[in-house]
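Just below sit the structures, each encoded as structure tokens.
Presented sequentially are two complexes of chain A, the first with chain B as partner and the second with chain C.
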Partner chain A sequence: MARMKFLCDAERCIECNACVTACKNEHEIPWGINRRRVVTINDGKPGERSISVACMHCSDAPCMAVCPVDCFYQTDEGVVLHSKDLCIGCGYCFYACPFGAPQYPQVGNFGSRGKMDKCTFCAGGPEADKSDTEFKKYGRNRLAEGKLPLCAEMCSTKALLAGDGDVVSDIYRERVVSRGFGSGAWGWGRAYPGQGA
Partner chain B sequence: MTAISRSKKWVVQLAVLALIALGTTFALEIADPQTADAQSSVRPPAGAVNQGADSGPQGGEVPGASSGNLSDSEMWRAVRKGIRGTVSIPDKNAGLMVQSEGDAWRATKNGPIATWGVLGLAGMVVLLAIFYLIRGKIRVDHGMSGRTITRFADMERMGHWLLAVSFIILAITGLNITYGKYFLLPLLGKSGFATIAAGGKWLHNYVAFAFMAGLVMILVMWIKENFPNKYDLEWLAKGGGMFVKGVHPPSKKFNAGQKILFWLVIWGGLGLSLTGIALLFPFQFDFPAGMEPIQQMQFATTWHAIISLVMVVVVIAHIYIGTVGMEGAYDAMGTGEVDENWAKEHHSVWAKEASKSRGGRKSKAVPAE
Partner chain C sequence: MRIISLTLALAGALALAGCKDTDRPLSYNKGVYGGKADTKLQAKQLETLRHRGMQQAQ
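Coming up: the complex of A and B.
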């Protein structure tokens, strides 16, 4: 079984935000929630780099470890998903996540953030695959449709890669060899410790 | 013949030489790219320099050497340590690309806080059980007199019970957030437990204000009685007379133990209120200044947990001594009327003053009809 991973190649990302837009459109994500975002370091200065960041679907996921109601689960493909029915909106996963992935519909008077929302690796949630309720709560289940996450699928420079971690790292390794340098597979050391790039 | 052949030979040699020269020139012309470029339609600008094959980007540089004097590894290390980038989405906090403090928060929460918290709670229960087995219920040595003194007025008891009931609700719902998934979740199942936890969260959020009101009430009413006085050291030296039968160090309205509890509740309650408000209104307060907003939230949750666990452990002992641990103690907060002998033994100085100033003795004896 493949271990699904994201990789964003900082040498290729041009901060076009197409991944952000594609994600919002595909899953019909409400205003104010960004499952994916593009962060630019040294914006407008020498050495500017951009990285597209979303849930990295960590092997030892901090969100799962701190959730007081145990609403997270990890699929056999390594995708970290959660149940919005169980979520109580406490915000702990957001405090624990190194990548700032969990999002809430409200900033929260009296901590009423609503149910947590995050990147699902286009894999839906605990409801029946491709069902209407699943789509409304978690967005499209592209993995069930035999497709990969849309953000990476439509990345114009192929900076963002998503899919079987072995294939993703092969592609990245090939790039590093052919261009003679690489800035490292960002976030992999944290998200997938001991699994190499 | 010889003259002709000689001249012929010279011509042939000349022709061969000319051919070689022409061929070499042609070959050189093809080999020289400058000359070839000069003849193509794409011409480099005047003064253009060919830097050769070795001048491309070297390990980590980007083409055009635009990466400045900062190496890649330094930049990514800074990102890892939590520098901010820019984002084009409205939430500018999202510019924080990675916050490793989240890992530390998780480790503290699931590690020392959870472990020491449960050890503290269990430890206190065990200690009290041992104390009860050895010392038993602390009796009023002279027996109940049947006459009572007013110890706490209605308003004082209302303040106490507002604080106490809200504290117990907050403690139970709070402990459920930290430990519920280990104890209650396996019993109730995920769905049932999530419903209870969600209700508990709402209860926790609103009952918090009752707690704060109770805290202000007891602060205003009791602060003047809770400053240290001359009896406190003696009380502490004798362990409050709790460990030996028949020993009763003097004290005014509150003894040293109660004063310690009072200040612990006041300062702890203040800490819980402030961190709690920060959690109720997330990202609204810039405290402690200089931290990233998310670190401020982690700070608030961490201290909220530590303070509340300490307070719950201490309050368990307070509940014990106020109910099953000591004969006659509960009346103080129950009816507000304590037995005269209880008052003389446990708060001798106060009892003397109270009976003198108020003269307020009330007989509990039922009049003969």
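Coming up: the complex of A and C.
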């Protein structure tokens, strides 16, 4: 099995924010924390695009690299998770993450912002699977129930894809072929100018 | 005197009981995750997830 991955198809995302709502509801995320959010560029102008962003579960995760207490770990499926028992709420991961994924329950200086919270790919945490402790600390463990992240599963336009990286890339590749233009991946043209955008 | 000694010994024992080992790692190895180990997914669960992922193409 390949690594678990998210992929948001900017050609399909309609900025409905249902993924954000579904995530908050499924994990009972408190007010002020958003594990997922929708970012829109060129709002109201030609070329407007929206993309749903959360932790991208990086292969070489910068949050893991900078954590001073090494509270992060990666599962065999490539999901980046952390232990709230070890987290000291220093905020280094927030500054290191290019996606702004780490969230904190309180606003304050070092140590006063509380334990970091982020998207778990609906994989819970290091507590026993499907336990109350796991749910209270990390949210629901849908992977252990044989389900993919709810944000992707309930996406009405199937813009947000999640799951085995091989499966996700196959689905996306077929879409690009049927559309008949470019890779369509958001930001591809800017990152790789003149290479099939 | 004996009562005081016994009381102190009891209080000491109770105080030391609060120092019992916890789940927190007591030694730090740089770059190594020292927290609780997560439960691994079984092959059947992974197969279910893979099939579920394919349904997103529909």
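Criterion: the second predicted complex is superposed on the first by the 177 of 197 C-alpha atoms of A that agree within 3 Å, B and C clash if a C-alpha of one lies under 4 Å from a C-alpha of the other, contacts with A are read in each partner's own complex, and residues count from 1 in each chain.
The definition used in the following text is that a contact is a pair of C-beta atoms (placed from the backbone, for glycine too) under 8 Å apart; a residue touches a chain by one contact, two chains touch by 3 or more.
These figures come from a predicted structure and were not determined experimentally.
A.B. asks: Do chain B and chain C fit side by side on chain A after the overlay, or clash?
C.D. replies: clash
A.B. asks: By the touch definition at the top of the document, which applies to A:193: first (chain B), second (chain C), both, or neither?
C.D. replies: neither
A.B. asks: Looking at chain A, does chain B or chain C touch a larger number of its residues?
C.D. replies: It is B that touches the greater number of chain A residues.
A.B. asks: Just checking: does A:125 make contact with chain B only, chain C only, both, or neither of them? Give me first, second, both or neither.
C.D. replies: Second partner only.
A.B. asks: Kindly classify A:47 by the partners it touches after superposition: chain B alone (first), chain C alone (second), both, or neither?
C.D. replies: first
A.B. asks: For A:75 in the superposed arrangement: first (chain B), second (chain C), both or neither?
C.D. replies: In the superposition, A:75 contacts chain C only.
A.B. asks: Could you look at A:30 and tell me whether it touches chain B, chain C, both or neither (first, second, both, neither)?
C.D. replies: A:30: touches no partner chain.
A.B. asks: For A:162 in the superposed arrangement: first (chain B), second (chain C), both or neither?
C.D. replies: second
A.B. asks: Once the structures are superposed on A, label A:174 by its partner contacts, choosing first (chain B), second (chain C), both or neither.
C.D. replies: second
A.B. asks: Could you tell me if A:85 is touching chain B, chain C, both of them or neither one (first, second, both, neither)?
C.D. replies: both
A.B. asks: With the touch criterion stated at the top, can you tell me which chain A residues are shared between the chain B interface and the chain C interface?
C.D. replies: 69-71, 83, 85-86
A.B. asks: In their shared complex, at which residues does chain C touch chain A?
C.D. replies: 23-25, 28-41, 45-46, 48-50, 52-54, 56-57
A.B. asks: Which positions of chain B touch chain A when the two form their complex?
C.D. replies: 56-62, 66-68, 70, 72, 75-76, 79, 83, 85-91, 93-100, 102-103, 105-106, 109-110, 176-178, 180-181, 185, 190-191, 193-194, 197-198, 201, 205-206, 279-283, 294, 297-298, 301
A.B. asks: Once bound in the complex, which stretches of chain A touch chain C?
C.D. replies: On the chain A side, the touching residues are 1, 69-73, 75-77, 81, 83, 85-86, 125-129, 143-144, 146-148, 152-153, 158, 161-164, 167-168, 170-171, 174.
A.B. asks: Once bound in the complex, which stretches of chain A touch chain B?
C.D. replies: By the definition above, chain A touches chain B via 11, 15, 17, 20, 32, 34, 37-43, 45-47, 49-51, 53, 62, 65-71, 83, 85-92, 94-100, 107-111, 113, 179-181, 183-184, 186-187, 190.
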